[in-house]
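What follows is a set of structures for review.
Here come two complexes built around chain A, the first alongside chain B, the second alongside chain C.
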Partner chain A sequence: MKSEFAFIALPISALIAPSAFAVQYLTVDQAQRAIFPGKSFTAAPVNLTSVQRKAIERASGVRVLRDEQQVWRVSGGGWFIVDEVVGKHEFITYAVGLNADGSVKQIEVMDYRETYGGEIRDEKWRAQFVGKTSKSPLKLDSDIKNISGATLSCRHVTDGVKRLLAFYEVALKR
Partner chain B sequence: MLCITAMEFRLAFAAAFLFCVSNAHAHEAIFGWTYTTDLTPKGHGEFEQWVTGRWEKEHGNYSVVDFREEFEYGVADNFQLALYVNHHYVYANDDVPAEDPAHPGNRLPGAYETGGEDVHAGHSPVTPFDSYHFESVSLEAIYRLLSPYKDPIGLALYFEPSIGDQERELEWKVILQKNWLEDRLVWALNINYELEFEKADGGGYERDGMFEWFTGVSYRFIRNWSAGLEFWNHHEFADATVHEHSAYFLGPTIHYGGERWWATLGFLHQLPIGQAFSHDNKEFAVHDGYIFGDEHEKYYVRLRVGFNF
Partner chain C sequence: MRSRSSVEVRRARPLLGTFVQISAGGKDAIALELAINAAFAAVAEVHRLMSFHDPESDVSRMNRDAFHKSVRVHPWTSRVLKGAYEFSRNSDGVFDITTARQLVNWNYLPRPDVRFSSRSWRDIILEEKCNVRFRQPLIVDLGGIAKGFAVDRAIETLKANGVMAGIVNAGGDLRVFGPTPQLIHVRHPTAPGRAAGMVRLRERAMATSGIYFTRKKDGVRYVSPLLDGHTGRSARELISVSVAATECMPADALTKIVFSLREKAAPLLERHRADALLLERDGAPSWIFHSPCDTHDQT
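Our next item is the complex of A and B:
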């Protein structure tokens, strides 16, 4: 019986050996300068209450995975938010810049390590989000185009932006 | 004739595993047996190596390693074609119940001989058998009607014809997939029907039908890694009409998905709740609730490695 386990364990250990290698396209600082060039930033992290979390989920239809949200106040008005969504294999880290009125100024993909769908880093795909507000549909194949082979990533980033726009309404808007 | 011990067979099998792993670089199968509705994207291709080991019958020794090399291509966003070759290695010795010559159609109690689906016709039943055999070439077409990422449920249709020197096969599948928890929890169900035309010893072809369903659930528990459970129920029909048996299998599966390659290891254990319906299967195939005969073994292990380009 023991040898049977060794027989199975051998290929499993060979599979585990090549661990994932993280690649970062943009640091927080680089993403801030890309979205708000020449501006200064003040960290303003938010820890959601359960009431706020439920309000965001109700408004966006997207589940909130973490109560802590990395947020920076931008000099002259606006917000810079770093967020993560589930990718096919790994988390996708991205940043969203909001104008002072809560509309999307720009999004930047900071980490993306999937086999397909690198096009979500392309300016053309990201540009679809510019000007979106919490009232926008933000639905794949509706106001946001899908990328073949990366439907999961496209949908999750789209859902993520929709959730952050609801987050703005609930936790940042004054 | 090449004779190998059980240990040598295991080492050869482990070497086959490692060969696949060391040559792997990145359509992604999160289950060993159950298909999902995920397809290779339009304009992209994938090479996939399958290695399946299956072993243990009612008696003696019986081990088979099935190999499959598959090339998939995304023809359109929702349509994928694949071409693959099937070949296998078999070792058998004293593995099937012998027939009582005085009472044809009945087993001779306590007597076994070398035989089985993978043993060539004409082989002496009193000596061990081992052989490598090229089996068939298959074409696979999958069309996705609904995506689990955009629609309430994923739905795809599958068709696969195979042609070999000993057999011809036609296989149809309906593939369903439902995701939860940000697509980290995946459930899939396959409903299959297969028609097999196998060359008979006396010439011509024997027709068999198979109805089976596979289901699996898998959860991505950490980045890149998913683990789950698979269940398989197989029904065999002689001449595609006479219900011969129903066999059940259950086992774990683990999957790694990277940027350029992925690998899935699945294990299935036959459950001792099989049912034999025909006289032939009641007499020769069922033993302590397990279904053996020509179709099944007690243990199955499968490694699939794919890399995308």
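Our next item is the complex of A and C:
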């Protein structure tokens, strides 16, 4: 088979707002099985006190935006945490598995949403995605599975993981 | 008709400073997950070896010590350094991993705790047995080529684990394999939340460079991390360059060269049997280079 390198320009009608890319990779269940196969999980959500929040911010150098944290205790030791980060253009939900000693076992992106138009920091705009992964209103680009183009940095997730490691020290470790 | 048992597994992790997405298709979801985990492990290994930020990486060890003594690096790092050297030589220094100095000065990279000055790729000596020496005090950054190399290693790992079809995409540098051509969208150069268009790829890699996320003001002028090592100037035009090649490492390096040289890069593209696509700020292609041999392996 001959592979022609042909560029197919998209018609201008494909360029209407909203301009966004979104991918769902894993539900909470799937992320749990991906990081800790064969284990069971007990929900153990944490509500941070202001003292704890400040301790986490001091230790990690990263701001804590929410006091409640979704945490599960893993059978046989370890923790499963779901967290989200918001950047200038991205809103990402991800899961972190911690070993019993608090070291990072695995990080998986659960939901990746990228948008241009300034709505990303709007709680209401983000709320529309919670638990609504299959019928996202961002239908426009639902066919886009692979995109080539310059990089959006993962710095917010890296910072988020730093914050969660401090969260472990402050709120989970015993 | 889709095979009854055919599944696709898709995962993403933060690695190499970006998001790396790996998809694999086959019959057995558990086997695909194991293969994807192994492929991520290969990417994580590249990250560990070639990170500019990690003080224990090969890159940091070279930057610290290679001017004073030979530094032994991992065979993978050695392969990337050799690749980088070839691209520097063939582009008369347009591609140059020692431009890290400039990236530090513009705060794209953290300032390492070593003395370094303005030097070029010619001052890097690749010795036997993966040893590296610097003739001058300099620093290197493999950011312009390591992502492509990581994509190639991940693809190799998927194949070695029996996966029949898959895609690895490291922040826009990607490679596809398997019998079915895949549709790849290319970001619009000035509206990166949109696709300007698409390309169909089969058994091929493609990398795209643009500066929409990284351009910033340095005093009164704009700078970007996309540097022409020959002139020392950074790209300021909001265009994008995509290069398709058999492997992702050359595609990754060649985008930087085409960004600076544009049509003058044609002979080099030809040598690598690579295709190139240049999109102007309005998203329209202003130059498409077709590889003289854009038929690949099993013609």
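Assume the second predicted complex is superposed on the first by the 109 of 174 C-alpha atoms of A that agree within 3 Å, B and C clash if a C-alpha of one lies under 4 Å from a C-alpha of the other, contacts with A are read in each partner's own complex, and residues count from 1 in each chain.
Going forward, contacts are C-beta pairs under 8 Å (C-beta built on N, C-alpha and C of every residue); 3 or more make two chains touch, one makes a residue touch a chain.
The structure displayed is predicted, hence computed values, not measured ones.
By the touch criterion defined above, A:50 lies against neither chain B nor chain C after alignment on the C-alpha atoms of chain A.
In the superposition on chain A, contact is made by A:63 with chain B only, not with chain C.
When the two complexes are overlaid, the chain among chain B and chain C that reaches more residues of chain A is C. In the overlay built on the shared chain, the residue A:107 is in contact with chain C alone; chain B does not reach it. In the superposition on chain A, A:148 makes contact with both chain B and chain C.
By the touch criterion stated above, A:89 is placed in contact with chain B and with chain C alike. Of the two partner chains, chain C is the only one that A:34 touches; chain B does not reach it. Chain A residues 3, 7-8, 10, 14-15, 18, 20, 89, 114-116, 141, 146, 148-152, 155 lie at the interface with chain B in one structure and with chain C in the other.
Those residues of chain B lying in contact with chain A across their complex are 7, 10, 13-14, 17-18, 21-22, 26, 28, 40-44, 74, 77, 147, 149-150, 182-184, 223-224, 254, 256-260, 263, 265, 267, 301, 303, 308. Listed in rising order, the residues of chain A touching chain C in the complex are 1-10, 14-15, 18-21, 23, 25-26, 34, 89, 94, 107-109, 112, 114-117, 141, 143-155, 157-158, 161.
By the touch criterion given at the top, residues 3, 7-8, 10-12, 14-16, 18, 20, 63, 65, 85-86, 88-91, 113-116, 140-141, 146, 148-152, 155-156 of chain A touch chain B in their complex.
On the chain C side of its complex with chain A, the touching residues are 10-15, 17-19, 21, 23, 33, 167, 169, 171-174, 176, 181-188, 191-204, 206-214, 240, 242, 244, 275, 277, 283-285, 288, 290-291, 294-296, 298-299.
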